[in-house]
């Protein structure tokens, strides 16, 4: 059973999607470690190390995603999980921006997959299957 | 008392504005000759000649205004009322078009004043006063 | 008057038909051969049959959305309808241009030619007669939903022949509703006769097992029409159509603006149409209702227009009318682009879906208003039947002549034009000046009282100024035109 | 627990104040001198006083519109508010960024600096503490309508000091409503104490003749919150505020989606707030209501979003709530541009104006739902008071601890999180899993019955899947998440 760490990064308290993601991924057969809202990069990384997770799935809804996610890949490298798969989704920047630009910004930060607003978690299941090799 | 011929040109049956215009202009102290809806250029011109009118106020709401109004100034000239003041207003073309272009088209046809959609008749009273010299 | 509310014999029908088909060159198309037409219509699949899809909606208690739309060029018109279908339209229309509506096919041709040449719409609709059956079939075959012709034509006989032969299974209009608001000098007996023919054509198909929907035009002038007047017209046209053999009828109503009155109007419209059809012995009738989003002057601001569209949809959904005719945010300016039209469809669909499981709950106010409308309609229907000495068609002509029936703001000289409406203090549409309207004293007293209430609260006299203020008010963002 | 529902003495208040003002450099501004602040607030004209303008609206029975809006840069924020005022907003907000909400002023400063440098918003609101009184006065002096701070801050003491001293005469929030939905690990006794301070500040001004409005945040998590739960929280926060000397309170409610339940919620919220304040002896209270447009996930399509905004406004207008908080067509995507925000304001204003003279009429259904909510709220209030042995503040903390009060979908670990809501067959929000919620058996039976009705009609078992489906449904254009 593959393990996925989920949570909501930064000072973000949007809890609904987080609960739904937990429900959906568990139903889809994953071991889900939910660190909840208001989680720092360190919280995600520690949880991933502790549970030998295969994927960190970061939610950011409130708009500060850009500030909150910077340097996360570097921290993973430092922590010795350089190759862990990093996803980010939700409403990851402030306002309605051209998404291709936004995507580039986050890919450059080292995220493997970046999702536009309104992508329900179900739509990402295919990618997860692919990336976790099932 | 100045005389104004009003009516709705062409195959147009929009009667509400026409009734309101009659009411408003009469209240404003004009002698109003209302030839009603479905009126041809000839109907307007004959009424203007018969009543020695000072102004012909053409309404067109339904979108065919451009076809219906072509050649009206020429007909006025032929009929011997070359200098009569011609107004047109309502929704005079099909659809939402750039109004400055529309205006030019109608001014070139020989109309003295051309009004954009949604100009209530009250807003034209000032122009009427000015043009009829009161 | 050789007019009678009596089904045309097939022989009569066929003999008039020859003359009708000679009205324009496209009338000679051999697709207009009735055997061929019947064959084509028999192949229309159920989901593209207007009547059947309406029946299904009614059964499921859902409200279907249909926009208005029509442009002169064939390919553009097809693109437009396909786009609206994508936006979620359950039914698509083909709105016909105004020259065609007046049977001025020459002018329509000029407009069509120039539109094609300049690739810019010079006509305000699709000139269906000039296009002929072949093009209309192209339209029909390009979409996956039923099509209705929407126009405003006192003499729609040739038009109706063409659209039905092309698989369009619904036709809007009626002898009153497509004359009084849409013409100046067409006698009512002429338009009623024309529409008897249109209905008889539907009856002809009906006899051959083809169900076609007919939809009298409820909003009339779209301007402060009291529900009792439009509902009476709807019931008359339903009865006239039923006599010619029409079985599937959608009676309509244009939103007034007061939630209670609007729901009451739709409910009583349905009840009373069924009641009268039954009373007059028409069996196996399929009756549905259509609610028109606000039909008067729209606000210019597009956000406000979207709000008005959404509010209209809310009323339709709560009244559970079978169909809803949508408007666009361009309404006050001009014929909408397909995108603007699509916005109206999407907003409307969203609301009817969202309110699918909700209804306007019963209340004393609603019951009272339903009773009031029923009483008024019964009163007018009695007057019409009386003056017609039992013949509804004759009664209608005479009632209009004497102003016993009278539609506010109508252009027709065969309409008395003496009735003046105004809103009461809750925004319900009442009557300020009755002219000769066939109301009894009790009803008149009620209307007077209601309008007086408003006048008092506004501290002004009852006068035509109220009507004028009410004509403008919604476009200015208020329901009641208060000083 | 040294928490008590008791008015802070002025000495207590002033001593805490010293510490509060040392929270960030802007706390040292001499405009925060209370004598200066009182002087400034006394000069606020009536039409810019939130409380007075609300009172007027309530008296005239009209619904005022207020958007949400806030951007980091001062000049941009001012332009934004001026634009919204032009669009017709009756009140303007200043929505505060999320770092400030968590008192992370350092990060807020970084975000503000970078936003100014790149001239692109990196914060999701106006960092009011970093801006300080001077900038807030600039904001206040740039508009002609009252301003409210809107945030979600468990410790809003410094924030509140700054905004009020700058002439902002309303502050949203409360010890429960700005903690449980907005924090993970702030103990409830801490946030309640913080908000006692915030309320006491308002009480301080009140004692000096300055009326300031307070608005507990009704929608909580914005997600399927049953009216009885949010109304109970509203009443508790109103009582806590009143104890500290607040006189003008606006209790709130976030739209659920069923028209009857929504109107019933607003009506019972008003009745019961007044009732409880009275029962506990608070005199001369001015109570108004605020209705929040749909607070859950929005549809992506902008036309659909406009429809939802308009429908929400319709409900607000029919319920005659005093204020309506509007959303924008960008809601599902991100913080709206000022233009998009303006579209929401215009549509909302249009609807409340249009429906000005209409109300939701009395009906059995409405009366039943009002009775039901009142019963449930009374039940929850009794449980809270009981467990607190008469002290409301203590009772609240203990009730949450024991799950007797429980807010669905909340992030806080001080919330049991065992209640699961779901819609019934008409779309009313009911409770599917009660956890320890302080309901009596009769009430539980009612909820079970209602949800069972739906399950039956959907031919499926009652389960969490229903809740999940309902969380998504509105964003997909349906009220009830049917399979």
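Chains here go by letter, A, B, C and D, matching the order in which they are written, and residues are numbered from 1 within each.
Here, contacts are C-beta pairs under 8 Å (C-beta built on N, C-alpha and C of every residue); 3 or more make two chains touch, one makes a residue touch a chain.
Since this is a predicted model, take the numbers as computed values, not measurements.
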Under the touch definition above, the chains in contact with both chain B and chain C are none
In contact with chain A and chain D alike are the chains none
CA centroids of chain A and chain C: separation to the nearest Å works out as 55
Chain-centre distance (mean CA atoms) for chain A and chain B, in whole Å, is 65
In whole angstrom, the CA-centroid distance of chain C from chain D equals 45
Chain A residues touching 2+ other chains are none
Flagged in chain C as touching 2+ other chains are none
Inter-chain touches occur between A-D, B-C, C-D
In the complex, the residues of chain B that touch chain C are 10-13, 15-16, 19-20, 23, 36-38, 62-64, 66-67, 91, 93-97, 117-118, 120
Within the complex, chain C is touched by chain D residues 257-260, 299, 301, 303-304, 306-311, 313-314, 318, 342-344, 346-351, 353-358, 361-366, 425-427, 474, 477-480
The residues of chain C that touch chain B in their complex are 97-99, 101-102, 104, 107, 110-111, 114, 121-124, 152, 181-185, 221, 223, 296-297, 300, 330, 332-337, 340, 409-411, 464, 468, 471-472, 475
